Amino acid sequence: MLMLPELIVIAAGFIILLLDLFLAEEKKNILGTLAFAGLLIALGRTLFSFGQQGELFGGRFVVDSVAIWFKIIFLLAGMTTVALSWDRLTGKTTDIASRMKHRGEFYTILLFSTAGMMYLISSRDLVTLYISLELSTIPLFVLVAWDRDNPLCGEAGLKYVILGALSSAVLLYGLGILYGLSGSTDLATISQKITHSPALWLSVAMITAGIGFKLTLVPFHMWAADVYQGAPTPVTAHLSVASKAAGMAFIFLLFYRVLGGAFQEWNILFAVLATITMTLGNLVAIIQQNIKRFMAFSAISQAGYLIMGFLGPFPEGLPSMLFYLYAYIFTNLVVFAVIIFYANETGRENIDDYRGLSRTNPIIAGAMMLGLFSLAGIPPLSGFVGKFFLFSVASKAGFHWLVGVAAINSTISLYYYLRIVRQMYIEPTMEDATTLQISPMLAGTIAITTLGAVFFGIIPFFYETINQTVAASDWWSVITATAR
Amino acid sequence: MGILSWIVYIPFITAVFVVFTPAPKWYLIRWISTVGTGIHLILTAVLTWKYWQVASPDFSSMKTATLTKLYLVERFPWFESWGIDYYLGVDGISVSMIILTSIVIFTGVMASWHVKNRTKEFYVLLLVLVTGVFGVFVSFDIFLFFVFYELAVLPMYLLIGIWGTGPKEYSAMKLTIMLMAGSALILIGFLALYNGAGGQTFDLLELSKVDYPKSFQIWVFPLIFVGFGILGALYPFHTWSPDGHASAPTAVSMLHAGVLMKLGGYGALRMGIYVLPEGAKYWALFFMALTTINIIYGAFGAVMQKDLKYFTAYSSVSHCGFVLFGLVTLNLIGMKGAVIQMFSHGIMTALFFSLIGMVYGRTHTRIIDDMGGLAKIMPWFTTCFYVGGLASLGLPGLSGFVAESHVFLAGFFGNPWHDLGIMRFLTILATMSIVVTAVYVLRGLAKVFQGPIKNPEFAKLTDADITERISTGVLVFTMAAVGMLPWYLIDLIESSLMPFVNRLH
Amino acid sequence: MVELLSNNPPGIWHWLILSTILFSIGLYGVLIRKSAVGVLMSAELMLNAAVLNFVVFNHFVKPFTIDGELMGIFIIAVAAAEAVVAMAIFVAIFKHKKSIDITHIETMKG
Amino acid sequence: MNEGFILSNAWLIPAIPLISFFLVGMFIRPASKQAAGLVATSAVFLSAACAYMLAWEYYQAFAPEYQSIVPWSIEWLRYQEFLSVSVGVLVDPTSILLMVVVTTVSSLVHLYSIGYMHGEEGYGRYFTYLNLFTFSMLGLVVAPNIMQMFVCWELVGASSFLLIGYYYDKPSAVSASKKAFIVTRFADLGFLLGILILGYFGYHVYGVLSDSSTSVLAEMNQYSSTAIQPFDFKFLNHPAVIAQFADQGSLLGGISMLTLAMVLIFAGAAGKSAMFPLHIWLPDAMEGPTPVSALIHAATMVVAGVYLVARLFPVYAASGSALLIVAYIGAFTCLFAAVIGCTQDDIKRVLAFSTLSQLGYMMLSLGVATMAHPLGYTASLFHLFTHAFFKALLFLGAGSVIHAVHSNEIWDMGGLKRKMPVTHITFLIATIAIAGIPPFAGFFSKDEILAAALGNHHQIIFGIGLLVAGLTPFYMFRIYFVTFWGPHRTEGAEHAHESPPVMLLPLAILAVLAVIAGFVPMASFVHIGEPLGHHGINWAIAIPAILVALTGIGVAWFLYAGNQDRVSKLVQNLGVVYRVIKDKFYIDEVYLFITHNFIFKYISRPIAWFDRNVVDGSMNLTGWATRMSGWILSHMQTGQVQTYAAWYALSTIVVFGLLAVTLQ
C-alpha cells in the first residue's frame, strides 16, 4: 500500500481535529502525542517501504527512492516541529508571550501541510502537482499568522498570503503555457513534447519564479525575512526546513522530470541565481540584529548553495543535493531548537541577547556553536561535507568561478555566524544571567539534531545509501530518455 | 588503529578526557593534558624510530624517484562514490613536522600552566586544534587533508577571543576570516585538481601522477600557493599575524606561530609544488619577489615595534618569508632549507612566545621600553631569550643558521628555468636581512634585559619555576641540537624531498 | 451581427490575449491597490487568467480531453480556499490596526 | 700517514675548551665559582699543551716540505651531492702558528683572570664565555673549509659580544657590545656573499674537474681524511681551480667574479680586523673586562681577518686588484689609527688604536706580497705572532694598572714605577717591543714588513709604514711616561699596590716571549710557495726604522716625561686639528647619523606605518566594504509588500530575458 504514509498522516490530522472538539483543556496533551505518533508511524512505514517502487492512479502518484527520501525529510521536519512547539502549546514556557493557543488546530494544520508535501514529491501530473503544492502552502499561511494577538504575526501572514497568491498565480500561468505547448498534464508526456520556443522560455521563467518563491531564491525571496521574523518560532523552523524541502521537491519534479532534456544548456540560469542568492543572503545577514531574521537570510544563502547541485551533467548533483538537504535540515533545526529554547525561557530574540550563554548553559551553547559551524561549512560537520560535494559538482561542470564565489561566501557567512559564537563565548554574561532550565522535549530535540548534524557527515553510510538508492530509481532513465 | 591514527587522535582522546573532568578541578585537567601530550611525545619518538627502520633502506633509491613514497600507511575507503579515503601516511617531511608539533604542544601545555580562567575549555580547544595539525601532516587524501586543515585553524578564534589580551575580538576575527578566505582559495584549487583528474580520486599521490595541462596548472597553482601562503604569512596577506599573535595567549601564540604557520609552507610544498610543477615554474619568480619583500619588510618592520609580541610577530613574518623563499627557489637546497627553517622557526618562535608569556606573567607589561635590567632578576629567561635571539639572527651552532645558509645558497644557485641574475639579486636583498635581524634582536633584547633595572617593582620578581624551566629548556635544547648536529634532520627530510625536485625536471 | 460573431468564432489568440490582459490587470492591481482586499482580488484575477489559459488550451489543443477544465476547476477551488485564509488574516490585522491599508503594514523591514 | 696521537686526534685542541664550556656552563658554574675558574683555565692549558705536542709531531713528521693535512674531519652539513660542509682540522704551519698563539695567550689570560676577576659577580659566567671564545677561535684557526671558518667566525663574534657586554648593567658596555656585533655582522654579510659566489663557482669548477681531470682532485684528496669539497681551502687555493675561476668572466657590472668575491670576503675580514671604515667597534669594545680586551681584541680574534686573507692568499693573488685594495686599506688604517692613538687619554683606547694600526701593518704586508715575492705573507704572520705577545702583555699590564688605580684615564695615574715594579718592567718591555727597538720582538717582524713593502716596489706604502714606525713609539711611550713616571696625580695612584702573583706570572711569561719571539726563524716555517730561507736583517731598512722609532721616543720623552705645559702649548697651537683627531674624525657620529636619522627614520618607521595603515588598512577596508554593501542591500527590504511584488514581477521578466538571451 504505497500511499499509506500519507493516509496515516491525514488520518491523524482528522482524529486530532475531532478529539480537539471533545477533549477537556487539561487532557489535550494527548493531541501532541497523537500528532507525533502519527508522524512517527508514517515515518516507520516510509522507511519500511524503502526500495519499493510503484505507481497509483495511472501513474499520477508514484513512489520511488527519491520520493521516499523527501517524505522522510517532511516527516522528520513535522515531528521536530511538533517537538519544538510542544512547550509553547502546552504553556510550559517561562516567557508568557511566546505561548501559543489552539493546539488541536495547530497539529491538524501542520499534519495536513505535511501530507501535502508528501503528495507533492509523489505526483507526476500537473493537477496533482498543483493541488499538493497548495495543500502544503495554504496551511503554512495559517500557521504563520497563528498568534492572532501579535501584530507582527498578522503582518507576516499578510505578506506571506499575498505574495503566495501572486506567486501561485504566476506559477499557474507558466504551467498553463506548458500545458498549452504539450497538450498534456502528464509530466513525462510534457517532457517529450516540449521544444525550445519563446513561449517555453516564458513559462520556464514563470515556473522559476514560482519555485523561487518557495525556495527563497533571490530575487523572489523578499517575503522570507519578514515572514520568518514575524511567525512563531516553531513555525519559522518548519518553514525554513519543510517548506524549503517542498520547494526542492517541486523543482526536482519540474526541472528533472519535465524540462530535464531541454535543460542541459540552461546551467547559466542556475549559476546566476545561485550567485546572487548566496551573495545577497550573506551580505544582508551580516547586519541583522533579530536572530530569526538573521536565520532567514542565512537560509536564503543556503538555498543558493543548494541549487548549485543542478549544474553540470544532469542527475549528477541529485544525491549531493539530497544529502545537503538533510545536512542542512539537521543543522538548521539545531540552531532553531536553541533559539526556541532561549525565547521560551527569556523571550529574547536578538543576537546580543545571547551574551554569555556558554557560561550559563555550556552544553546548549556548544550545540548551538556546532550548528552554526555546520551551517558555515566547517569540517568535519555535515554542513561542510554537503557543501563540499555540491561545490565539487559545480566545479566538475566547469563553474570554477562559481565555486570561488561560493567559497568566499561561506567565508563571509562564517563571519556572521561567528558573531553569535562571540556573543555566547566571548562577551561577558548578562547581569540577570542564571542557568536556564531546559524541557526534556527540547533537550531531546537538540541532542538528536546535533548528533545528526555531526555524524551525518562523518559516517559515509548515509551518503552512500542515498547515492545507491537514487541511482536505482527511475530518475536517471527519465533524464536520459528526455535528454534527446 | 595504526601508530599514525594514534598520533592524530591521542590529543583528541586527551581532550575527551578533559571534557569529562569537572571544570573546577583545573589542576587535574592540567595534569591530564600534560600527561597526554607527554605520551604523545614518546609516541612521536617511537614513530620516528619506526620510520627510520622502514624508510632508511630506500634513502638511496629515492634519489631518482619522482613519486613520494609513503610509510606506515593506513587506508580505508570513506566516501567510496567520491573516491575519498581515510588515508594516512608519512614521509620524512611529515615526520619532522610531527616532531616539531609534538614538542611545541608539550611545551605549550607546560607554558600555559597558569591558565586559571576556564581552564577546561582552553585545554579542550588547544588539544582539538593540535589534533587538526597532526592530521594535516599525515593525511594524503586531499579531502581529509582539508578537513584537518580547517579543524586546525578554527579553534584559534575562541582561543584568542576568550583568553586573549588587547583588541582580542578584532584580532581573532581578522585572523579567522583571513585564514578561512585562504582555505576558500585552497578549496577551489582542490576541487579543480579533483575534477581536472577526472573526478575519480582524492588520493594525493594519484593526483600527482596526472599531468595537468600547463594552462590549468598556471591558474590553479597561485590559488593553492596563495591560499596556503596566507597561513604562511605571505606578503601582503600577513597582516593577521601581528595582531593575532599579539592578542593570543601564550600557548596559542606558540602553537600558531610555531606550528600553524608551518601548515602554510607544508601545504604549499605538498599540494602546490608537488602536484603542479609546471605552475610552480611559471610563478616561482613572482612569488620569490613577494617572499623577498616578506623577509626584508618583516625585519625592518620589527625594528620599530614597541610591544614584544608585535616584535616577535614581525620577525616571524620575516622568518616565514625564508620558508616560502626556499620553496620557490625550486631546487633541492632551497626546499630542504625551507623545511629546516619550518622546524627551526617553529621551535624558535615557540620559545620566544613562551618566554614572552612568562615574562609578561611577571612584569604585566610587554612594552619594550618599560622593561630593562631583567637579566639580574631572571637569569634563566635571559639566557633562553638570548639563545633564541641568536638563533633567529642565524648564529651558527643554532638551528637558524642551518636553514638560512641553505636558503641563501639555494637562491644563489638558482634553477634552470629562471633568470639567474634576478634570483641572485633577490637573494642578495634577502641576505641583507641578517644584518637588520641582528639590529632589532640585539636592540630589543638589550632594552629588555640589560642596563640598570628600570622599574624598582621588578626587583622582587622571580625567575622561572620548574615547569617553565622544563618547557623552555626543551625548546632551547632542540634548537641547539639541530644547530650542532643538523645531519639527522637533513637525512630525515632529504630523501623525501628528492621526488619534489625530480618532478620539476 | 450575430452572423458575424457566429461566422468568425474567436480563435486561440483572442483568448490568449484576453487572458494576458486579465493577468496584467491583476498584476497591476496587486502592485498599486492600497487595500489588502483589493490586492487579494487582483491576485484572484490573475488566477482566473491562468484558469482561462487552461480552459482555452484544452479547447484548442486537446479538444476531446478534460485535463484543462479539471485543472481550472481545481484552481478555482483552491483560490477560494486561499481567499478564505487571506480574509481571516486580514480580519485579524484589522482588529489591531483598524485598517488594512497594506502600505502601512511595514513594521518589519531591513 | 701514521703519526703521533695528537696529530691523528687534532680535534682535541678545539674540543677540550668546548667540553669544558658545557661542563662549566651547565654544571660547575652553579655549583662553585672557584671550581669554574680552575676547570676552565686548566682546560685551556691542556689544549695549549696539545697544541705544542701537535706542533712538535707535525714538524717531526712533515719536514721539510710542510704539506697541509686534514687528519680528522667529518661531514657536518650536506647541501647536496658534492656540496657539503665538513667539520675538520686543517694542520699546516700557518694554522699551527695560530693555534700556538691562541692557546698560549688564552691560557695565560685565563690564569690572569683568576686574579683579575676575583670577587666579580658572574665570575663563572665570565669563564664560561672565555672558554666558548677559545673554542670558537681554535675552530676558526683549524678550519679546513671556508664554511667552518664562517661558522666559527660568527661564534667568535658572538662570544666577543657576550664578553664586551659582560657588565650588562652598564649602558656603555651594552651599547658597545651591540655595536661590535652589528658592525661585524654587517661585514659578515660581505663574507657570506663572497662565500656564496665562491661556493657557486667552486661547485661548477668541481664538476668540470671531476669530469675532465680527476687527477687534480685525487691530488687534493691526498693527506685528507674526507673527500675534497668545493668549500675546502685546499680546493679553492689549488692553481688548477684558480685558473678555472679566472676565466669565469664578470658577474655584476663588469667586475671579474674573482675580484668581486675576494673583495666581499675582504669586507668580512676588514670587519673582524677592524680595518677602516669598519674600525669603529674596536675602541668601544674596551668596555669589556681588560683580560678580554687582551685576549680577543688584541691578540687573537682581531687577527682572524688577517688569517682569513692569508688562508685565501693564492686566490687573492690571482685577482691582483683585490690584493691591492687589501694593501691600501691596511696602510691607511695603519696611519689613521696611529694618528688617533696619539691623542687618546684612556689607556685602553690608546692600546686599541695601536692594535688597529698594527693590524694595518699585517694587512698591508699581506697586500704587498705576491706569489712571486711572498715575503709579505711571512712577514704579516710573523708580525701577527710577535704582536700577539707584546700586545697581550700591554693589555694585561694596563689591566694590572687599572686594577690598582681603578681608572682608565692615564691622567689619573702617574708615578706607578715604584708602586708596581713588576708591572712597570713588563710594560716597559712590551712598549719597547712594539716600538720596534732591537732586539725585541716587534723590531724583527716590522722590519720584515717594511722590507716586503719596499721589495715589491710599493713606495707609498713603505713610506706610510716608516712614518707609523715613528708614531707608534711616540704614543706608546706617551702613555708609558704619563702612567709610570711623574707624580701621583690621584688618590687611586697614591694607594696603588702591586697585583697578586697569579696576575704577575702571566705578565712575566709574556714579557719573556715578547723578548725572544723575534728570534723564531719564521720564514723557514711559514711561507707560501717555495721556502724563502731565513734572510737576515735588512739593515738598509732597519737603520732608518730604528732612527725614526728613537725620534718618536724622544719626542714622547720631551713632551710627557717632564712638566705638562709643553703638551698644553702644543695642543693650543694645533687647536682644531687636535680636536678633530681626538674625536676620531667623527666617524662614529657619521655612522650614528646614517643608522638613526636615515635607516630608522626613513626606512623602518615608514615600513611600520605602511604595514599598519596601508596593507592592514586595505584588509580592514575589505571587511568594512562588505558590511557596507550588506547595509545598502538591506534597504531593498522595504517592508512594503507591494515593493516585494514589484520585484517579483520584474525579476520574472528578467529571468525570461536571461533565458531568451542565453538560448539565442
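Quick notes on this structure:
We just call them A, B, C and D in the order they show up, numbering each chain from 1.
Methods note: contacts are C-beta pairs under 8 Å (C-beta built on N, C-alpha and C of every residue); 3 or more make two chains touch, one makes a residue touch a chain.
Because the structure is predicted, anything quoted here is derived from the model rather than measured.
Looking at chain A and chain B, the chains in contact with each of them are D. For chain pairs A-C and C-D, the one joined by more C-beta pairs in contact is A-C. Here the chain at the heart of the shown protein, by mean C-alpha position, is B. One simple way to say how far apart two chains are is to compare their mean CA positions; for chain A and chain C this gives 28 Å.
For this pair, chain B with chain C, the centres built from the Cα atoms lie 67 Å apart. Between chain C and chain D, the centres computed from C-alpha atoms are 98 Å apart. The geometric centre of chain A is 78 Å away from that of chain D, both derived from CA atoms. Of all residues in chain C, those that touch two or more other chains are 27, 30, 39, 102, 105, 107-110.
In chain B, the positions touching at least two other chains are 177.
For chain A, the set of residues touching two or more other chains reads 158-159, 162, 166, 170, 225-226, 287, 415. Under the contact rule stated at the top, the pairs of chains that touch are A-B, A-C, A-D, B-D, C-D. For chain A in complex with chain C, the touching residues are 126-127, 130-131, 134, 138, 141-142, 145, 148, 151-152, 154-159, 161-162, 164-166, 168-170, 172-173, 175-177, 179-180, 183-185, 225-226, 229-230, 287, 293. Within the complex, the chain D residues that touch chain B are 75-80, 83, 147, 150-152, 154-155, 158, 165, 168-169, 171, 174-175, 177-178, 181-182, 185-186, 188-189, 192-193, 196-197, 199-200, 203, 600, 603-605, 607-608, 611, 615-616, 618-620, 623. Residues 319, 373, 378-380, 384-385, 388-389, 391-392, 395-396, 400, 403-404, 407-408, 410-411, 414-415, 418, 421-422, 425-426, 460, 463-464, 467 of chain A are the ones that touch chain B when the two sit in their complex. Note for the complex: chain C touches chain D at residues 27, 30-32, 39, 102-103, 105-110. Of all residues in chain B, those touching chain D in their complex are 174, 177-178, 235-236, 238-240, 242-243, 297, 300-301, 303-305, 332-333, 336, 373, 375-376, 390, 393, 395-397, 401-402, 405-406, 408-409, 412-413, 427-428, 431-432, 434-435, 438-439, 442-443, 446, 449-453, 486-487, 490, 494.
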